[in-house]
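Next come two complexes, and both contain subunit A; in the first it sits with subunit B, in the second with subunit C.
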Partner chain A sequence: MLAQILFNLAFIKPEIALTMTLCAAILTDLLYKNRTGLVAGIVLGGFAAAAIGLATQAGLSVSVFNGALAIDPFSNFFKMVILACSSFVVLFSLGSNEVSAMKSRQGEYYALLSAMALGMFLMVSATDLLVMYVTLELSSLTSYILSGSMKAQKNSSEASLKYLLYGAFSSGVMLYGISLIYGLTGSLNIFTINTVLAHGGASSPAVLIAGIFLLVGFGYKISAVPFHFWTPDVYEGAPTTITAFLSVASKAAGFGMLMRAFKVVFIDTGALGTPGAWSLLHGIDAQSILIVLSILTMTLGNLVALWQDNVKRLLAYSSIAHAGYMLLGLVVLGNDGFSATMLYFVIYMFMNLGAFYVVILVSNNTGNETMESYKGLGARSPFLAVGMAIFLVSLTGLPPTAGFIGKLYIFAALINAKMVALAIVGVLNSVVSLYYYARVFRNMFLRESTGETSLIPISMPTYALLLILLVPTILLGLYFGPLVQFAQYSVAMFGIK
Partner chain B sequence: MNSVQLFDIIFYVLAATVLASASIVVFSRNIVYAAFSLLFTLFGVAGLYVLLNADFLAITQLMVYVGGILVLILFGVMLTNKVVSVDIKTGTLQVVPAAILVVLTAGILCSIILATHWLGAGTTDFLVVKTTAPKIGEALITTHMLLFEVASVVLLVAIIGAAMIARREKTQ
Partner chain C sequence: MMELKFLNVGILTWITFLPVLGMIVVLLLPKNNKTAMRWTSLGVTILQMALSVVIFQYFNRGLAGINTVDGMQFKEFIPWIDVQSLAILGRLKIDYFLGIDGISVSMVMLTALVSFVATIASWNIEKSVKGFFALLLLLNTGMMGVFVSLDFFLFYIFWEVMLLPMYFLIGVWGGPRREYAAIKFFIYTLFGSVLMLLAMLALYFSVSVIDPSTGMKMHTFNMLAMMNPANFDPASLLGGLGTSMRYYAYVALFIGFAIKVPIFPFHTWLPDAHVEAPTAISVILAGVLLKMGTYGLMRIAFPIFPDAAIYFAYPLAFVGFINIIYGALCAMAQTDFKKLIAYSSVSHMGIVILGMAAFNSQGMVGAIFQMFNHGTITAMLFLIVGVLYDRAHTRGLNDFGGLMNKMPKYSAVMVIAFFAALGLPSMSGFVSEAFVFLGAFQTYRYLTIASAFGIVLTAGYMLWTLQRVFLGTLPEKWNGLTDINTRELISLVPLAVIVIFLGIYPMPIINLMNTSANALVEFVRSGAGMALVGR
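Here is the complex of A and B:
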């Protein structure tokens, strides 16, 4: 047993690197007071080490720790997205006024970022419901703390408390669902659960209810309607760096976990079909539930975003809507749908992080995130305004930006699966989203600034970082072949043909 | 009286204690009453664990919840100035939709629980005493090794977070 555990350790190098980063960051912060740059450097170094660890695992497909984790191309793909996003957030934080106002708490802030990355790494690998639950708690717990890390701001504490209450409730419901599933199937391993369900070992109404309870936990993490109520308040109150982190990495982890659980638990492994398409076990209509969830999520997200006057809140509702589009890739029940969602995540990371980075830079200068403060931004800082415009065009999904390619693949997968009506709902939703993104354009370029009119100073590293986000947002809209191939390759999960 | 009847009687007595005291916790406007009735809820749950032959879980429940968390809550209540005399600000909103939802959920859950054949139901005999502690200990450091380690990171994060949020801001 010991030999086996030691052998398994070789497969979780990235996770070990992140755990050591957490410890090293805390110790450094204790030993050297007020050396924030050093702690941030250690965290970035740890992320680099984790990236090397990930690279050594490329192509592996194994199950480790008695079926607790699966190291496969699917989890590696999401881990790359999470790691890239975490590194960007650390870089954003170094230039954020909100973070530097935390003074002596910055060390813990950076240390917790690596703890959150660890939780999310384990989430996308988990193949056991209990591991899923504990790792979900690890990433949620760190998000509650990080959302409330601006103690001086009342909003931030409010966000943290609301997040905690919703999170505690959702994970409680999820845990109840897990206990029901254990009572029905006698196992927590998702592969065993699938086998038991396939042999009719469980009556379907109970499985359905347990599945819905599980979905409460997943839905809360990806902020799907109707489990989204925390999203706007938390996104508005949390430091913008954390908002950006939650909207991309946290969502990616939730989606990774949901996609694996959905596919592995409900797939009918015995059914014959065309390659790449799979069918669900008879008697459990998980597909219809996801269809309803995705329509509700994108429609509500887009419609409520129309009324927002705070750009952070606007982006919060827009991120809810994007979760809806990405759920569309799941309802296809095929590898092309899954790969479309995964492709969308890479693109969404660049454009959404970019939009939030502009919000951070503008609020560094103006001190707030209202729509008012974007008036005349085109004159005050052409670079920021044009950058923001490109990110928003991409979020809308217009060519020639990357956002168009992301949506194209999702809608194409839907049409191939003969779900044209659903694709039309998605397109109509994108049209609605154009309206509220256009309100930001109008304020930036067509309105005069009401207050300050001086130029916003931008440092060289900021330029560089913004360009690193801007170039892929445009480039992936023109040259996307390799990324699409990589996403299609990464659909492969351990244990499923 | 056979053991099955005895089991049922003990179960219903414990369940009633848990439900009654839990509703006092929720509905009481006085925080001291709420904290003290939580004691009975936690004891009742520990009793249910004993009934299900989960001895280790029962002892943990007593030590951690009754011995640790509850005492901490009581001290918190007593040491906090004026909290005893102040009514907690509670309000009830959306009574009708909430009631409909609760009744629906409870109805669905009860009917499903009764209709389903649960794995291993009725196989434990509570008169046969087996200790579970060695098994749990062994599983924690072999089968569930990873979970055990992840849980330790969760606790580390919780401690750091609590310190970070509770620490007094130094004014320079």
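Here is the complex of A and C:
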């Protein structure tokens, strides 16, 4: 037994690195009060160690801890996205006024970030429903604390409480679903569940209900409509760094888990077909549920975003809409759709983090995130404004930016699957999204500033960081071959064709 | 086969990407050096004109192009993106494939000419000069790229690249309602282009060619490959001929292009955009952007979907007719000079549509020629409005009168432009309109007769406008108006010379497009014929 555990430990080096980082961060914070730079440095170092650990696992495809976790290209891909996003958020936090206003609690802020990264790492590897639940809770609990970390501000605490309540409810429903599935199939391991279901071991309505309960938990994590109600308030109230983190990393982890559960549990492994395309188990129409979910998610996200006057809240709704686009990739029931969603995540990470970073920098200067404060930004800081414009153009999905390539692959997968009507809904949604993104352009470039007109000072590291986000946003729009190949390679999950 | 290269880079790449080089120079110039920025842009457009003269010189009039790689000239082919994909998607291959034939060569020349004129017309822009010229140059690359790409993906990228510069050029430097006009333009065009994107993807998955290096089948964005019915996989979305899916795809492409033309009822963005845009941008909008729609129909929609093109030929001719009459009637009702010209564009583009829809060689030649002529004539008209607006700061037609004596040189240029626009013989507009009506009459007798009534309406509002502006008594307040200056003349005279020259001797341009236009008609008709046989 011990030998087996020791053997398995060799496969979770990145997670071990993150756990040690967490401990080191907490200890350092206790020993050296107010040395937050040091804690942040330790966390970044830990992330680097985890990255090295990930690199050593490239190409592995194993199941460890008695089928609780899978180490495969699929989870590695999402771990890379999560790690990159976490590192960016730590770097953003170092320059954020909101975070520095937390004074002595900054140490725990960084420590919690690493705890959340750990939770999300385990989420995308989990192949056991109970592990899924526990790791989901690990990342959720830390994110409740993080979104309330500006204790002094009322809406931050409100965000935290709302998040907690919605989270508790959703995970409760999910847990109920898990218990139903366990009752129906006698197992928590998703591969075993699939086998039992494939042999008709469960009546389909009961499985469908249990599946929907499970979906509540996933849907809450990726903020899909109608499980999105917490999103705008939490995104608005939380420190912007955390909002950025939640909108990318947390969503990536949720998607990773959802995709694995969906593909492993509901796919008919015995069916023959084109390689890369799969068919669902007979009797459970998970596809239609996802279609409805994705249409609702993108349409509602986009339509409500039209009315927002707070840029942070606008980006919150836009991130809901983007979850809808990404769900489109799942609907296709094929590896091409999955890889399109995964590709979208990498691109989405650069453009969405970039947009939030500009929001952080602007609010450092103006103290708020209202549309009003973006008036005349083009004159006050051409670099920030042009950067923001490029991120938003990419979020809209216009060439030659990366966002276009992300959407292109998703729509290509849909067209290839002959789901033309759904593709039309998707593209029309991106036309709608143009309108609200363009409102930001309009304020930045077409209108004069009503208040402050002085230049916004930008430090050298800020320039560098913004460029690191900007360059891929443009470059991946013009040359995306290697990334696409990587995403398509990474679609391979353990134990499934 | 002619190959023109400089520094081992082909002439079409140069003419397309020179503006980007210019843009980089403009962005690097110090902020206060406005003169250098203007001269950089002008230098770029002069070089483009020079290149277009070289193209004109070396263009082989005997090659048809359209659907054959060998018929394309000044070709450049570089593999750009090559993803060895999953089995299900096949291999993704996008090529940097440029080339021109008789349909595009005149558009390339027109783009170079109109960009040059627009740069001169924007000389007196003072508000953020750097941004203006950088965006203008980027726009220029987008326009040129659309006319030279033979890979659908590349075409789409260029098509979309224009949107953002245009949004800002109208939105920042435009008139009082610029924000509304800019976003309206943006959303309309994006709406059209996303439909085009879906049609493009559907085509991509339906067409496959044999990869010469591996001998395997692969999908392609190559437009020329899409034109060959043999390349369509029978089981695919757009396989076969005359299927309803093909008609939907054609309609999706059509809407994308129709919004740009603009074809009624997708035209409502045009008056707003034109009225609010600064003069130079109106010139580009009317001179080049509108042509992209009709060019796209000819280059992509017709030859790829010949079955649908013929099936929808009558509806197409009918919307052409509506455009002609409706545009003219709207123009007649305007009191804003610029809005009048904008609606006259709607009317004149209707003539292009009518000519294309005839699907015979006179009609097609007339349509392409009319595209060129409309580009030059409408550019003149917008410049003329700009000259007056710069001085009087109003465009109300009823505010003027008796300007003939006050601004004699201006009046002379304006009379040339107006007579060209109403299709007076000896002006270029007459020749192309005559071709269009000649062609259309053979196919749609009554519709053409009805459309020809549009010419009368055009003459009506044009002459009425001349009367309102030039004749009668000069109102007191315009005593201080000065005549047209040298810079403005430099932008107008070349256009006027071209308009008159092509009116008297149109052969240089017609020779350029004749072979290709005939081949296009032939190709579409035979493709559609196959569809009928197959049915």
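Observations
The rule is simple: the second predicted complex is superposed on the first by the 497 of 497 C-alpha atoms of A that agree within 3 Å, B and C clash if a C-alpha of one lies under 4 Å from a C-alpha of the other, contacts with A are read in each partner's own complex, and residues count from 1 in each chain.
One rule holds for everything that comes next: contacts are C-beta pairs under 8 Å (C-beta built on N, C-alpha and C of every residue); 3 or more make two chains touch, one makes a residue touch a chain.
Because the structure is predicted, anything quoted here is derived from the model rather than measured.
By the touch criterion defined above, A:S100 lies against neither subunit B nor subunit C after alignment on the C-alpha atoms of chain A. Judged by the touch definition given at the top, the superposed model places A:G148 against subunit B, while subunit C stays out of reach.
Contacts of A:T450 after superposition: neither subunit B nor subunit C is touched.
Of the two partner chains, subunit C is the only one that A:A412 touches; subunit B does not reach it.
In the superposed model, A:A438 lies in contact with subunit C only, and not with subunit B. Contacts of A:V131 after superposition: subunit B is touched, whereas subunit C is not reached.
Within the complex, the subunit B residues that touch subunit A are 108-109, 112-113, 115-120, 142-147, 150-151, 153-154, 156-158, 160-161, 163-165, 167, 169-170. In the complex of the two chains, the subunit A residues touching subunit B come out as 1, 5, 19, 22, 26, 65-66, 68-69, 103-105, 108-109, 111-112, 115, 118, 122, 130-131, 134-135, 137-138, 141-142, 144-145, 148-149, 151-152, 160, 183-186, 202-203, 205-206, 209. For subunit A in complex with subunit C, the residues that touch the partner chain are 274-277, 334-336, 339, 393, 398-400, 404, 408, 411-413, 415-416, 418, 420, 423-424, 427-428, 430-431, 434-435, 438, 441-442, 445-446, 479-481, 484-485, 488, 491. Listing the residues of subunit C that touch subunit A in their complex gives 81-89, 92, 156-157, 160-161, 163-164, 167-168, 171-172, 178-179, 182-183, 186-187, 190-191, 194-195, 197-198, 201-202, 204-205, 237, 248.
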